[in-house]
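This structure is in structure tokens; I'll ask about it shortly.
We just call them A, B, C and D in the order they show up, numbering each chain from 1.
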Amino acid sequence: MYQKLLEEIYAEIQPEIGKGKVADYIPALKNADPKQFGISVCNINQEVTSLGDAQQRFSIQSISKVFTLTMAFQVLGDKLWERVGKEPSGNPFNSLIQLERENGIPRNPFINAGALVITDILISLLDNPKQDLLSFLKELCNCSNIHFDPVIAQSEKEHGFTNAALVNYMKSHGNIKNDVEEVLDLYFHQCSILMNCEQLAKSFLFLANHGVIPHSNQRVLTRSQAKRLNAIMLSCGLYDQAGDFAYLVGLPGKSGVAGGISAIMPEQMSITVWSPALNRHGNSHAGMKALELFTTKTGISIF
Amino acid sequence: MYQKLLEEIYAEIQPEIGKGKVADYIPALKNADPKQFGISVCNINQEVTSLGDAQQRFSIQSISKVFTLTMAFQVLGDKLWERVGKEPSGNPFNSLIQLERENGIPRNPFINAGALVITDILISLLDNPKQDLLSFLKELCNCSNIHFDPVIAQSEKEHGFTNAALVNYMKSHGNIKNDVEEVLDLYFHQCSILMNCEQLAKSFLFLANHGVIPHSNQRVLTRSQAKRLNAIMLSCGLYDQAGDFAYLVGLPGKSGVAGGISAIMPEQMSITVWSPALNRHGNSHAGMKALELFTTKTGISIF
Amino acid sequence: MYQKLLEEIYAEIQPEIGKGKVADYIPALKNADPKQFGISVCNINQEVTSLGDAQQRFSIQSISKVFTLTMAFQVLGDKLWERVGKEPSGNPFNSLIQLERENGIPRNPFINAGALVITDILISLLDNPKQDLLSFLKELCNCSNIHFDPVIAQSEKEHGFTNAALVNYMKSHGNIKNDVEEVLDLYFHQCSILMNCEQLAKSFLFLANHGVIPHSNQRVLTRSQAKRLNAIMLSCGLYDQAGDFAYLVGLPGKSGVAGGISAIMPEQMSITVWSPALNRHGNSHAGMKALELFTTKTGISIF
Amino acid sequence: MYQKLLEEIYAEIQPEIGKGKVADYIPALKNADPKQFGISVCNINQEVTSLGDAQQRFSIQSISKVFTLTMAFQVLGDKLWERVGKEPSGNPFNSLIQLERENGIPRNPFINAGALVITDILISLLDNPKQDLLSFLKELCNCSNIHFDPVIAQSEKEHGFTNAALVNYMKSHGNIKNDVEEVLDLYFHQCSILMNCEQLAKSFLFLANHGVIPHSNQRVLTRSQAKRLNAIMLSCGLYDQAGDFAYLVGLPGKSGVAGGISAIMPEQMSITVWSPALNRHGNSHAGMKALELFTTKTGISIF
């Protein structure tokens, strides 16, 4: 359906692919080939169009924050906001300053501190959070082949001192209820989940479909909750580049440090791009450009 | 068209009207009657439905920032962003901390510092910025009866030390080009402009109409610029409650400290509410509630 | 020698004893009797005058930072300042904000972050840092009866999430070389060391004596280093009340959260007071008052 | 008396003279010859030893803060501290961040914001503050030849946007009582006062003499107040290099951006050095080095 458009974008985007810098804070990421680029569009009727390295798996990293937030939001509803805010942060994603000034309540669930609180909530709510998270993802994308990458999870753990600082600090403020190590373990695992563009595009479709998974007709969130989760993605999904993304792309989206970005257009479609080289804000350089081209060429925008 | 709906909202909102606190930083505002409430909806065909004190004029205050930004954006386009950012601030609207940390470049054009830079830009661009601003507003709302309130402008000036601090600080960083007093004078005047809900609802219509004023068919912004201005309103329009507004209301909007809030739904309509009592974030308490009810009842949302 | 003076101070200070709040962040401290008060003065000839609960042991807590700094300074000299600053912090003792803004380099060795770096340095330098620290203290005060309080050390560990956050954060910046748990373990142990006013007064005497322990004639620091350590105590020894202490007392000193304060007058004497109830800055309320009275009555001051 | 010593220092200091950067924020300062260097020592018996450009006048800039503080302290005593703190700031001298966080109460009287409050206090207390300040200085140094430099005062005013920001911001918090322009005018004048090393060394002598001017035997401050002012100089006198100065030099002192530094040794002497090239903290590079040499060679230190 979008085949020709994607080819056009792919051609135009060539000079941008590889620009920027692959994440190098853990060995497991820094060997990624910066020249890789994949894109998948999935419309509300579940028709998928893909191009480039769209079948190549990568660790979803912070994109997982959308899935864990959905799981916690499903159960707790608006009670969730007692432990985490929903305002944009205006600071880099791992900032301690905001946390100190606001007594251990993270600004939103998409900065690391907020996502760690969500992870802590899942541990309290679920008997087998790791398995439950994988099961949820399998349902979302209608595919049983999803698992953690143990090498990445271990590597994250070995270099996860900033996240350990965040969890310990929030624990000192009473905003982490479970054991510090347990929270970090689940968090590093969720970041390590391997998915490809197609799987991610399918998985985000319920957010474009008022909270219902199209292929199974299963309701994940209420209509209102789905809108609200999209609102949070729009204002907080791309760290301190959220305003830029709203301005240039105009869709709710979430990025990860391995180079993935997933976005949705309500009632229409879901798009995932992936290219490992990052701009200085930690978002995929070519991914941003591709999404900007996509919405410019199609005129699609929530605004 | 929306008569019945507005009456329903008006009935439900009664207990909320007057809750909160009227702005009291200048004498000219603190005598406002907190029990006033007006609402106007204007659809893309210019049909207006109003209720309550929708004809009552009030000072538009920070809502003027949308108009001045439009005027500067029209002329400078993306060059504008060299002097002001477009990221949410995460801090109260008059914060000096962000400004100091980022060397005098305000985070976005809707916090005071950013709006003051826009005002400075207009002084450089225009021969008669005060008259030009009024003329622009008269065109937008198709009404010649719009002027400054000299008492409010004077009162703002006499108590405008925080804004004077902001302008001086940015001048010390070279981000204000004109005389400090001249910038403050225009800024206090733009805040003092008197308009009512109907006039504001009509004036915002071009943002719901891809940049074109419906009644005159005049293009104010390109299609892309109009979207982008909406994106900035969504992420930055309600100070440190922008995330909350996106979550609860789900529309791009801008608030003022006299109690007005203007919002738009792309391709459909423009809404303005007014009620002087403010919540702790400086936004109209009843106005927020009314807009939340409106989008809940109609199901309207950009998400 | 100072018997009559101390009695006079003791009488005047009565109404102040017990004012404030005993530290309650760990169970092992919160049961301290706020009515306890001890004072010991030790002149350069090692004559000790004591009053009140001067024989009662308490955990020296942050006063230990002077001893660990001395041990590290002895070995590394000015090379030490590559990993920790020597400027007053202007922030509460456990602030993460300063640390984030200055890339993991703590402002000085007397805030927690700085002391944790010193502890890390000692682990790198010494084979048996715990035993070596106790041995050093035994030498300083000429008394073999000094040990850790395992209950306090364990209690600190169980509630030490803020310190864990600091160590992890500095580790993420490469400013902690050893294992996080090992650093915290030594740190919590050094805080738990039990000493009384007399032992502390004797132990600080080398700082009033140009770096030489009077009873053994052993040189601990060079003349210049001793002065410099005193300078750091003066500007950074009482957290965000350092300026106040310089103003009111006028001597270099260091306080601990169990209520001890040790101070010295160069070439003359060392004084330690102890009273568990703390003011809002975390310093002993009655201890501050007693030292202020002492210097006012004697006219002693470095200024 | 110190002739030989000063010559020795002068010889050793040669390679350091001119290192750094002359203040260039106003035209009137940036033309200073970086190769100038003067030093004067004045002992408690008013014997002066000078070398180099010790007769050359320069604008005393922030050294004036000691004189204005003395005048206000004399009248108000400890009541002064209701409007300004006495803790080191930990931030550069013109930081707005601290001011915002602490609601318009400057951290101490030696950062710009604090000095501006002191200036405001003098305007409230005195009929002719400019003349009174000059008269006070003439008394202190027993010399009638002291006046403002109108060119420097005017130049400061034309570039004084940061100070204007500070005054306006404090005014918005109610911590400035007089007209903004009047406060700035007196402040820029006090900074412009021309004095040479000898005059400054004599003027500081009362602080080394328990508050009494030696030549006239006139008491300026009580014994206790003089000590306390010295304590504030020690912890706050050299901006964010105060700790360093205490560590390296070990005397209470105050620096100015034209390259002067005045310091005192209680009961012994006063020293002023001057050399226009500044280090990155805004303190005279060669001046710091000369004072460090002086105290190292003489063994003089309050510690």
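In this text, a residue touches a chain if its C-beta (ideal position, glycine included) is under 8 Å from a C-beta of that chain, and two chains touch if they have at least 3 such contacts.
Keep in mind that what you see is a predicted model, and the values were worked out from it rather than measured.
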item	value
Chain of greatest Cα-centre distance to chain A	D
Between chain B and chain D, centroid-to-centroid distance (C-alpha), Å	47
Between chain D and chain C, distance of the C-alpha-averaged centres to the nearest whole Å	32
Centre-of-Cα separation between chain D and chain A, whole angstrom	55
In chain A, residues with contacts to at least two other chains	none
Pairwise chain contacts, counting only pairs that touch as defined	A-B, A-C, B-D, C-D
Interface residues, chain D side, partner chain B - complex	95-97, 99-101, 161-162, 164-166, 168-169, 171-172, 180
Of all residues in chain D, those that touch chain C in their complex	85-91, 98, 107-108, 223-224, 226-228, 230-232, 234-236, 240-244, 246-247, 250, 252, 266, 296, 299, 301-303
